[in-house]
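The letters A, B, C and D name the chains in turn, as written, and every chain counts its residues from 1.
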Amino acid sequence: MDFATIMQYVGWPLIKIVILLIPVFTVVAYMVWFERRLLAFFQSRLGPNRVGPLGLIQPIADGLKLFLKEDLVPLNSRPFLFKIAPIFAFFPAFVGFAIVSWALPWVTPSGKVHPFVVADVDLGILFVLAISSLSIFGIILAGWSSGSKYPLFGSLRSASQMLAYEVPLTLSVVAVVLLAGSFRLSDIVAAQQKMGWYYLFPGILAFGVYLVSAVAETNRVPFDLPEGESEIIGFHTEYSGMRFAWYFVGEYANVTLISVLGTTLFLGGYDIPFVNDATLYAAHPWLASILGVGVFAAKAALFAVFFIWIRATWPRYRYDQLLKIGWVVLLPIALANLVVVALLKLWLLR
Amino acid sequence: MNGVARFVKMVTFWELLKGMAITSRFLAKPKVTELYPDVRPVLPYRTKGRLHVEIGTCISCRMCEKACPEGCIKVFQPSKEVFKTDKRPVEFYLSQEHCLHCGLCVDACPTGSIHHSQEFEMAVYNPDDLLFDKETLPYDLDLKHFRWNWIENAPVKK
Amino acid sequence: MTAEQQAEKVSPLREIMETREVELNLGPQHPATHGVYRALVKLDGERVLGMESIIGYLHRGIEKWAEYRNWTQATPIFDRLDYVGAVLNCHGYVGAVEKLLGVEVPKKAQYIRVVLDELQRIASHLVWLGTHGLDIGAQSVLFYAIREREAIMDLFEAMLGQRLLPNAYPIGGVRFDFPKGWVEVCRRLLDVLPQRIDEYEGLLTGNRIWRQRTIGVGVISAKDAIALSLSGPTLRGSGVNFDVRKAIPYSSYEDFDFEIPLGQNGDVFDRYLCRVREMRQSLRIIRQALDGMPEGELRGKVSKIIRPPAGEAYFTIEAAKGQLGFYIVSDGGDKPYRVHVKSPSFVNLQGIETMCKGNLIADVVAVIGSLDIVLGEVDR
Amino acid sequence: MTILWILLAAFIAACALGVVLSRSPITSAISLLVGFVGVGVLYLCLKAEFVAAVQVFVYAGGIMVLYVIGVMFTDSEALRLNRQTHMQAWPAFFLVLLLFLWMGHKLYHAEYKAVPSAITIAVATSPEDEARTKQALEAKAALARDTNPRQVSVALFSDYLYPFEAASVLLTVAVLGGIFLAKKEV
């Protein structure tokens, strides 16, 4: 094996991963700040504004504080599982970012193509769904290994919730896959660009289902039952310090991932609205790529704002009502939508 | 017809969107958070802050001591000979630690020597710092911190 | 099928897979118990089979405390019963002593007391609304409600000198008249508050999630409610028309024109609606009291040292949580022989088992919120 | 590649042993989970991405959750104290051994048909024959279009339609039976 091969299979991916992870970590940390500020603004408060200008250093201060706290392991717990559970919650969210394609590829003057994605795999979206289905173990194991009743209830709730909502989520994604004819995220974006409008419109039902089940998958209000602060304190009741922080970071990474995926699937990803991307790309490839990333981030931020907005507004559902919505309302809608989209695909959008 | 209207309402999430409209209305409105150490609060005249005693007008009658439900005031009268000419107390102890800020001592005082000041920052590191004596009890009202409030105050009690 | 019948019917599967009930300690440190209240909940999955209230974590011996102070000195401590409705508690105690003394409170003082009482009732209901909303997951309502309560607290501070525990009334009347400008600010608040209450209702009343969470949850029938001697909005939510302000008018409440909002089903939603409507009625009362404010003395004829004649008196008012009664006994001395408080939270808390049985844990939280208990008053 | 494959296989075998031999049910469940993920990776190595994704999605993400919950809510302490008698261990061992021997025999004597890949076709074409080159390029393009899920679905709905339908009917029956049992008994 020569150097070029090693670089191709090991070097470049690693560099890409590092380049990707630094912004993703930053974004996830600042999601917390953004949520707290925006939530406060909705509630006619100011939110954290003391640490640094506009409170911008708050996430770092929080992280530092959590890092320095004592790592408690309860006496009743199963220490091994208790310690590894946060990893399960943490890593799937970050692995998912690997397949997101952020912009049109860069072409170097020598003609080499550098796609804006760590691994543009064939089955991108399926890969994300498969990996994210593992994140549930973080919650279940945390609840069970804590050796305490509240976390146990939290994990039980979250398990049934995630099972109930993964099905409609997948079905809504499948509708998009049907429309695009590919699992690859860059293909899905390309198909939307080719079609001329985003899948939000032919797949409006799928979009609705995706939104609702995304909120449920990320355990946020009004479906934040596993945490349900005022009822059962949550599956991470017994966690402290950095292990708790992993759950926290994992949750926000999930929110970011779900926003990013939703943008790609329904809002055209890095497609710049009202601009013909192909001509812009032909004229200024670098500009098109950078603008693409910006537009992508802006669209994903819309999702995040929506999540925070409903958190500021709506009460929480009850456990049984939540499952009922998942199985009785969303699942039939998603299935019917799948049929509709298939017929659309057959006759109208060939 | 009613059923149709109900169905339309059910699938359009009208009332949920209304709630979101209400929360979004506050997004641009001025915030109510008080930036306390930077912006000093404006306290009305009647605020019951730390007790302030004018030792000069005090006649050591011990009415406040008797009125206090927590027994946090101790007044030491001067000796009889001195009392005839100078009625000021030899020592006046006040434990702010136990004070309920109920204002009963102010009600009881015949000369108006004891009254609540507007000092409200009474956090200390050492509980002993909350024990005031004759020298430490009076304090200068730092007027630059306190503007009169939007409620103009009633005439000062005599 | 009841739990007993289910247990009797032994299926082969049940013999192999024997299930056990979970006993869960809800509290004493729990975000939804509104203080240090502990409920021992017996659960089948998430369904509540039985519930036992364990109280006493906030017991401060207030009643005993009062026996060691003289009659005047005892007033500030009763603020600490229901610490979000301090003015009302003070009114209860002071009224009882006045009844025993036979003091006539001047009309003006009575009206001022009505204004402050109703403001305090709104403030208390706002705290309840915020925390109840937060229990069920609606975050913003808490902050909006606290913001409006803050305005009322500012009014209290300007009028009485303190915000939370103002030691509002001396025995025999009120201390001061309203300060200059206070009435105008209060009127401005009265104009703003109905819109704000509309906003809360827009966030909650129509919201389908809120309705699903509250309608048909924690039901208590009118018969049960009377049998458990519940009072206040908790009783009126079940459709029983009993309000001390109408039934046994005190402090000139007979002068004012207001309605008693009633519920029908006795569920969480009805209790919620009762309280929200009660806030609007309180606004009406304050407006009438400010409009019809008589001139006159502020304080009745009370000697400086109070020595009520030997005997006993029972005085009851409608506090924010329900009927608050003070039973005082005097032996002719300058200290109370006995002060007994009939606190609404303590009595209302008895209904919780009836309301929660058969519901889910999430409903227990909603029910605790709808009872509007304050543990300072439960344990005293 | 082979080394990786052997390592993975050994890892999966170790996980499987862990499932069987572990005393604590939760450890069994966790090693089963890890084993499932390992199998998924194995599929990835064999260029069956779709199957790998489905393996992780359905088995690790879906079914294992139910297993873990089931294990969590049974009294694992009681199970641990109740040491199981291993009277069946030896017959089972011999049966499994027989099964392995039979499978090994079958595998050893099986005939493998090479699947023509795009590369082999490209190599086979001679530049002289224009028509054949064109044909080969078309075949190559067709293969390139042939993504993993497409292959799976084509196979599912053409060659293996009857087993597929039969399996779905069987599963439906199982689901209905499960509901029926649960309704009646509990």
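Following the convention adopted for this analysis, a contact is a pair of C-beta atoms (placed from the backbone, for glycine too) under 8 Å apart; a residue touches a chain by one contact, two chains touch by 3 or more.
Note that the structure is predicted; figures quoted are calculated from it, not measured.
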Identity of the chain that, by mean CA position, is farthest from subunit A: B
Central subunit by CA centre of mass proxy: A
A-D or B-C - the one linked by more C-beta pairs in contact: B-C
Separation of mean Cα positions, subunit C and subunit B [Å, integer]: 25
Gap in Å, rounded to a whole number, between the CA centres of subunit D and subunit B: 73
Inter-chain centre distance, subunit A versus subunit D - centres from mean C-alpha coordinates, in Å: 28
Interchain centroid distance [CA atoms averaged], subunit C/subunit D, Å: 63
Residues within subunit D bordering two or more other chains: none
Residues of subunit A whose C-beta touches two or more other chains: 42-45, 312-314
Residues of subunit B whose C-beta touches two or more other chains: 16, 19, 22-23, 26, 32
Partner subunit B, residues of subunit A touching it in the complex: 40-46, 309-310, 312-314
Subunit C residues within the subunit A interface of the complex: 22, 24, 30-32, 46, 133-140, 143-144, 147, 203-204, 207, 209-210, 212-213, 360-363, 365
Contact footprint of subunit D on subunit A as seen in their complex: 78, 81, 121-123, 126-127, 129-131, 133-134, 136-137, 140-141, 144, 152, 155-156, 159, 162-163, 166, 182-183
Of all residues in subunit B, those that touch subunit A in their complex: 16, 19-20, 22-24, 26-27, 29-33, 35
Residues of subunit B touching subunit C in the complex: 10, 13, 15-16, 18-19, 22-23, 26, 32, 43-48, 67-69, 100-104, 107-108, 116, 149-154
